[in-house]
Structures are given as structure tokens and as C-alpha cells.
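See below for the structure under consideration.
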């Protein structure tokens, strides 16, 4: 019976168990090396005051400025909306760049469209060229992707700040580079892991590699690729918000100002604005999943 | 009906998703708006002042100190790099890894507390019994509340959370970074865990329930072991992200690599800054490698 | 109508899961002939089929199509040849998220450059669409022209795969276990359809089938394969009963391969 099968430990479970043990061991080591103690996680007297103010702000977010402001200043809610708009705009611009680079690099970083099953026996010039050139290109592209992914967008932003000064386009590129790399990596994995029957049958009726990719592999990977891109857009909005901490006109800039002035209720206004955007994306994506995928 | 009419009719009646089309159109419009509305200033990038800035940056600021001073041998370069690394690089790199490991494990533990509460096949009156008809609204409300909490945690960027925690806990310990990462990722892993649980095969769990096992027992002996495999994959993916974020959180003041990066930047030692960013790249590569190996270990059947 | 293709196998030898046991296959299939490979699983039916369009390369021996040795073809010529051979694999090889029309139009990819194929499949000219519709009507699934393939039943998908192969305007049709996913009534219909269509379009038809009864009923020539070797090859009427027994006997014919070979 199924319950018995469940209770007799299958072999994969022991691997998982070992992995889990390893993970917990690593955590213990980390704990020790950082010299942490639970007592330090409890806020001191000052901290408690701050925490209280902060939690209060969660329940009563500000709808107007907490302190006196010079007349003619845009109302708080309008400022929030404008900052939100800029945040989303930066993210959208960055995602459009990342999508293009992600598709291109993902295509070059996948193997399933050129490493076909008939192997690389050097029976023709075309195949020999393909078999020597492609692996080199493939490895280069994968290295490029890894590099792109490994530097956080904030670090790129800060580098560009030093090189170009405060400029909105450099902020967009700062987000686009690691996001493009991540999209490329995930796209290439999806392309390589999707079922290959359609690709194989198209090749069998004479299609060339780009056609096999376009019509045999890409359509099958496309649903997963789209949903991942959508998810990444949501992440990009968060990244764009944080860039504000360094002077860019996104949510983070105003959030930081309010926090430094200890206007925690205003801070929560900004946080709730972000929450609203994320919630919107959640609802949108669950609607997409329900209407499009399940037929 | 003649052929052209029939083609038209078939075309008109074809199944299509208006929602999908509208979504794609909306996103495309958003991208177009983003580039054209003027917030993104492409042209200003190439003004004279900026280009001069760039030039100076590339030719002087970024060049390592020994090279600038005219010592162009590998030895001097090596000693300089070694010096920076010894003083700050290694220790900060280790701290970064430690922070990310601890944070992701904490996040996982937290998420396991909440994920079952958000799963439609567990947090319901009759678990695993299929369509959940006739269930009380309390269960549904619980699931929604838990999901909302997870979304809230996930929507606050780690950087912001750490920034706020620093005012509460102070910069002496690594707790602000660890907690910020842990809370944010708890939201993400909780949601992924709930999905994994919901996608489990109901069969074996249903039979456990049929033999009268209480809910808690089913969770421990049934749900968790079954969901663990998939969950661990997500776990390692998030670990990779954690390492990147932990690097950067240091810029707020917690001692990780980011702290020294920010320090170098404040002093305008861009050559050191780049070196430290390079160290960051190395640990990210190491973490990615470890994660990939762990995932492969998981996937292979013994 | 394009001319039907003839095939030749001369001592063609394929590696079966690394076994050196290589039985050379000798076969001649003339233009417009209809042949079915029959035999137990693991007999080599699918492999033999795949040899005909070089999806599988022989370790030794020669495979010819229209008199040309396939191994000597350049990539471009091989593609051109494959474009003339319609294939219906066992898993149908359709693209589930594309529409039926797009799947069928993909049949002519072998004859078009990449850019042209983008236009041809995404924005097909009316004339081509009408051809596709006519083919689908002939197969009884015309109304599904714009439906997504994954919303069709198994039998309907089968027919779309056949339509794609026909749209190729091929000279030959290779079908691997075309009846395996169908119920008995559908199976009869389908094999009848295949044979009729092959005759109509003047195609060389090569099938692999495990259903001996249907093969005997509809296909004029049968080739019995067992463990990669040809046991009999003749017109259906003249094959003796015992030969079928030989084909499926569990013990008996010696071979150095184990019983656990997969695939055909």
C-alpha cells in the first residue's frame, strides 16, 4: 500500500538527509564564526524605542507629511506615486534590455539546438566548423553570463556612479546587466531541459538548426521563460527601489530620507506602496497561470 | 460555405486568450513608455563633463595603486593586492558567506513553520481530500492571511529591512544583515514551500490519513519528506541569491565585503574597490558551484 | 506530384545498445511500394526505419535513397533529402503549444530558409492555409485548424502528424508505430487511411507495426525482423503461417543479445 511505501525509507531520502545534515552543520559553523548570540538579537533600550515607533508606523502609515514642510511641496501621496512611477519605469527599461540580452545569450548558451544527436563526426565541412566553433562560443558565452550575474546591481550602480556620475541610464544598465545574465542562464537551462521530441522530428524532416530552435525548442520552453521573466520584472522593481538609496529618484531615496528623519510612518507609506505593486503582480501572475496554462 | 469564408470563420472562432494578449500588450506599452517618458536620460550620458569624468575614472582611479606610482612589476602588484586582501578581503569574504548560510537556514526553518499553513491541501478541514468543498471560511482566511504575510515579507527588499534593523539593533553584530536576509527569504521560501506541498501526489498522504494518523504526524512523516526534495532545490537557488545580497548589505555598515567596498568608495580608492568587488565575484562563483553540486547530488538517483 | 523514393539497405549494421551483434540488413524498397516492418519489441523496427533518413547512421553497410548513398551526402543535401521524406515518429513530434495550422505548416521547413519560414508559419499566405485546411479536412480534423495541439485528443493529434507529413509533399512516408496509442477501432481507420493516402499521393510507405493482424490485412508487403535480422520479406499473401510463429517465439533463434533490449 502507498503508506507502507512511504514509510520504508527510499534511497534518495538518505542523500537528502545527508545534505540536510551538512547544511545544518554549515549553519552552526557560521553561527560560531560570526560570534553571534541570541541576546544580541534583542534590541536594547534605544532599539526598543525605535522598534516601537517602527511597528506603530506599520499600523498607521502616513498620508501626509509628518513634519512641517515648506508650502508648495507636492503632497506626500503624490510624491509616493511619482516615485513609484519612476521606480517602475527604471525597472521596465532595465527588463527590456535584459530580455533582449537574455534571449540572445540564452540562445548561444544552450546546447540542444546545435549539439545534435548525430554527433560531430567530421563528415562535412559545415559540421566540422560547427563542431569546433560552437563549443568555443558556447563556453565564452557561459563565462560571460556567469560574470554578468556575479556582480550585484547595487555594485554596478555604485561603479557607474563613480564613472559617470548620477545618471538614470547608467542606473538602468546597472540593473540590466545582472538581470540579463540571470535571464540568459535560466533561459538556456529551460531550452536545454525541455522535451526534445518536436526538435528531433523537425530535424528529421530537414529543418536546419535555427529552425529547429525556433519551432521545436523555443515554443516548448516559452511558457516557463515568460513566467520567469515576469517574476524577474517584479524583482527588478525592488532593485530599482533600492537604487534610490544612492541618489536615484526612486522609492528608496525618499524612504531613506524619511527613515533618517525618524518619520517611520512615512517609511511605511513607501513600504506599503511597494507591497501594493508586488501584490498586483502576484494577482496578475496567478490570473495568467489560471487562464493560460490550465486548459 | 466556400473555402475563404470558412477560413475566416475558423479564424474568428479560434480559441485565444484575451487576457494573455492584453497582458503582453500592456507590458510592451510599459516598456515603450519607460524609454520615451524622459525619466531615462540616454543622451545626458554622453555630455562632455561625463565623458571627462569617465576618462579620468578609467585612466587613473581604477588603475591599481602600484601601477599608478610607476611600479609596473608583478611583484608590487601582488603585494598590494595581498595587503588589501589580508587586511580586509579574506575576513570580510568569510563573514559574507557565514551571514548568507545562517540567514538562508533560518529562513528555511521559518518558512517550514508557515508553508503548511498556506497550502490548500493541508490547511483545510479535511486534508488531502480533494476539492475542499464545504470547508469553513476560517481555513481559507488563515491561508490568505499567511500568504499575505509572506508577500509582505517578500516585498520589502533586504536592503531596506537591513537598513531599518540597523537602527534597532546597532551595527556591532551581524544580526541586522542575517535577520533581514532571513525574513525576506522566509517569505519567498514559504511561498515556494506552500506550492511544493500543494503539488504533492495526494495518494500516499491520503492513505496515511485513512489509517487515522493525526495531522501533525502526517506532516512530519508524510508531507515534509515528500516535499523535501523539491524544496531543497529552491533552497539552494535562494542560497546563491543570499550570497550576492550579503555582499552588498555590508555597504550599510554591517561587516561584510560590502562594508569595505563602501569604505574604499568613500575614500575614492576605486582600485581597491574593484579588487574587493573581484573578491565578491569569487565567492559568488564558489557559492554557485557549491549550490550546483548540491543540486546535482540531490537529483542523481544513487 | 513529386516522384516516390526508393530505398536500399545493403548489409546495414547498427549498434544495438553497444552490442557487437550486428546483423546486416539487406532490403530493397521500390518506388511507391508499401512495406511494414513487423516483429517483437527490440527487433530493430524503429532503427531500420531511422536508417532510411539517416536519423541513425549504420556502423557499416550502405543505405541508399533513390540510389544515392546517404553517408556521402553533405549536410545541405541530407536536409534536402529529408525534406522529401515525411516522418511520423512514435511520439508524434508535434509542438503542443502551437496551433494545428502552425504545426502542419512546419512540414515544409526543410525547403525554406530560416527567415522565410518565420513568415511562412507566422503569417501564412491564404493559398497555403487553404492547402493545410484541405489536408486536415481529408483527415477529418479540419475544424481544429486554429486549435492548440495540446487541446486535441490522441487520435486527432495523430491525424495532425499525418497532415504535417503530407504537407511536406514528400516522396516517401515513414511511420513508426502509428497505431500504438490508438484504440482498436481507430487503429483500423488509421492504417486504412495511411495506405489509401499513400496510394493517392504516390508515396513510398514504410511502417513499423507490432500489430500483425492489421499489417497482414492492409499492407501488401511485410518484412519480419527479429533481433536486428530479417526473417522474411515477401508479399503478404505468400508468407507462410509458421513464419509469424518464428517471429514471436520466445526461445529459439540464437542471438548474442540479451532479452532486455529497448526500442524497435
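The chains carry the letters A, B and C, assigned in the order they are written, with residues numbered from 1 in each.
Following the convention adopted for this analysis, contacts are C-beta pairs under 8 Å (C-beta built on N, C-alpha and C of every residue); 3 or more make two chains touch, one makes a residue touch a chain.
Here the structure is a predicted model, which means the values were calculated and not measured.
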Next item on the list: Farthest from chain B by Cα centre, which chain is it? Let me know.
Entry: C
Notebook entry, point to check: Where the centre of all protein Cα atoms falls, which chain's Cα centre is nearest to that point?
Noted result: A
Next item on the list: Averaging only over C-alpha atoms, locate the centres of chain A and chain C and give their separation in whole Å.
Entry: 45
Check: Quick one: chain A and chain B, Cα centre-to-centre, how many Å?
Finding: 7
Checklist line | Centroid distance [mean C-alpha coordinates] between chain C and chain B, Å | finding: 48
Item checked: In chain C, residues with contacts to at least two other chains -> 148, 151
Check: chain C touches which residues of chain A in the complex?
Finding: 118, 121, 123-127, 197-198, 200-208, 210-211, 214-216, 219-220, 222-223, 295
Notebook entry, point to check: Taking the complex as given, what residues does chain C use to touch chain A?
Noted result: 53-55, 57, 71, 74-76, 78-87, 89, 91-98, 102, 106-107, 109-111, 114, 117-118, 121, 148, 150-151, 165, 168
Notebook entry, point to check: chain C touches which residues of chain B in the complex?
Noted result: 3-4, 6-7, 10-11, 13-15
Next item on the list: Using the touch definition up top, name the residues of chain A that touch chain B in the complex.
Entry: 1-3, 5-7, 11-16, 19-20, 23-24, 26-27, 29-31, 33-36, 40-41, 43-44, 47-48, 50-51, 54, 85-86, 88-90, 92-93, 95-96, 146-147, 149-152, 154-155, 158-159, 162-165, 167-170, 172, 233, 238-239, 241-242, 245, 249, 252, 255-256, 259, 267, 271, 274-275, 277-279, 282, 284, 287-288, 291-292
Item checked: chain C residues touching chain B - in the complex, by the definition given at the top -> 99, 126, 129-130, 133, 143, 145-148, 151
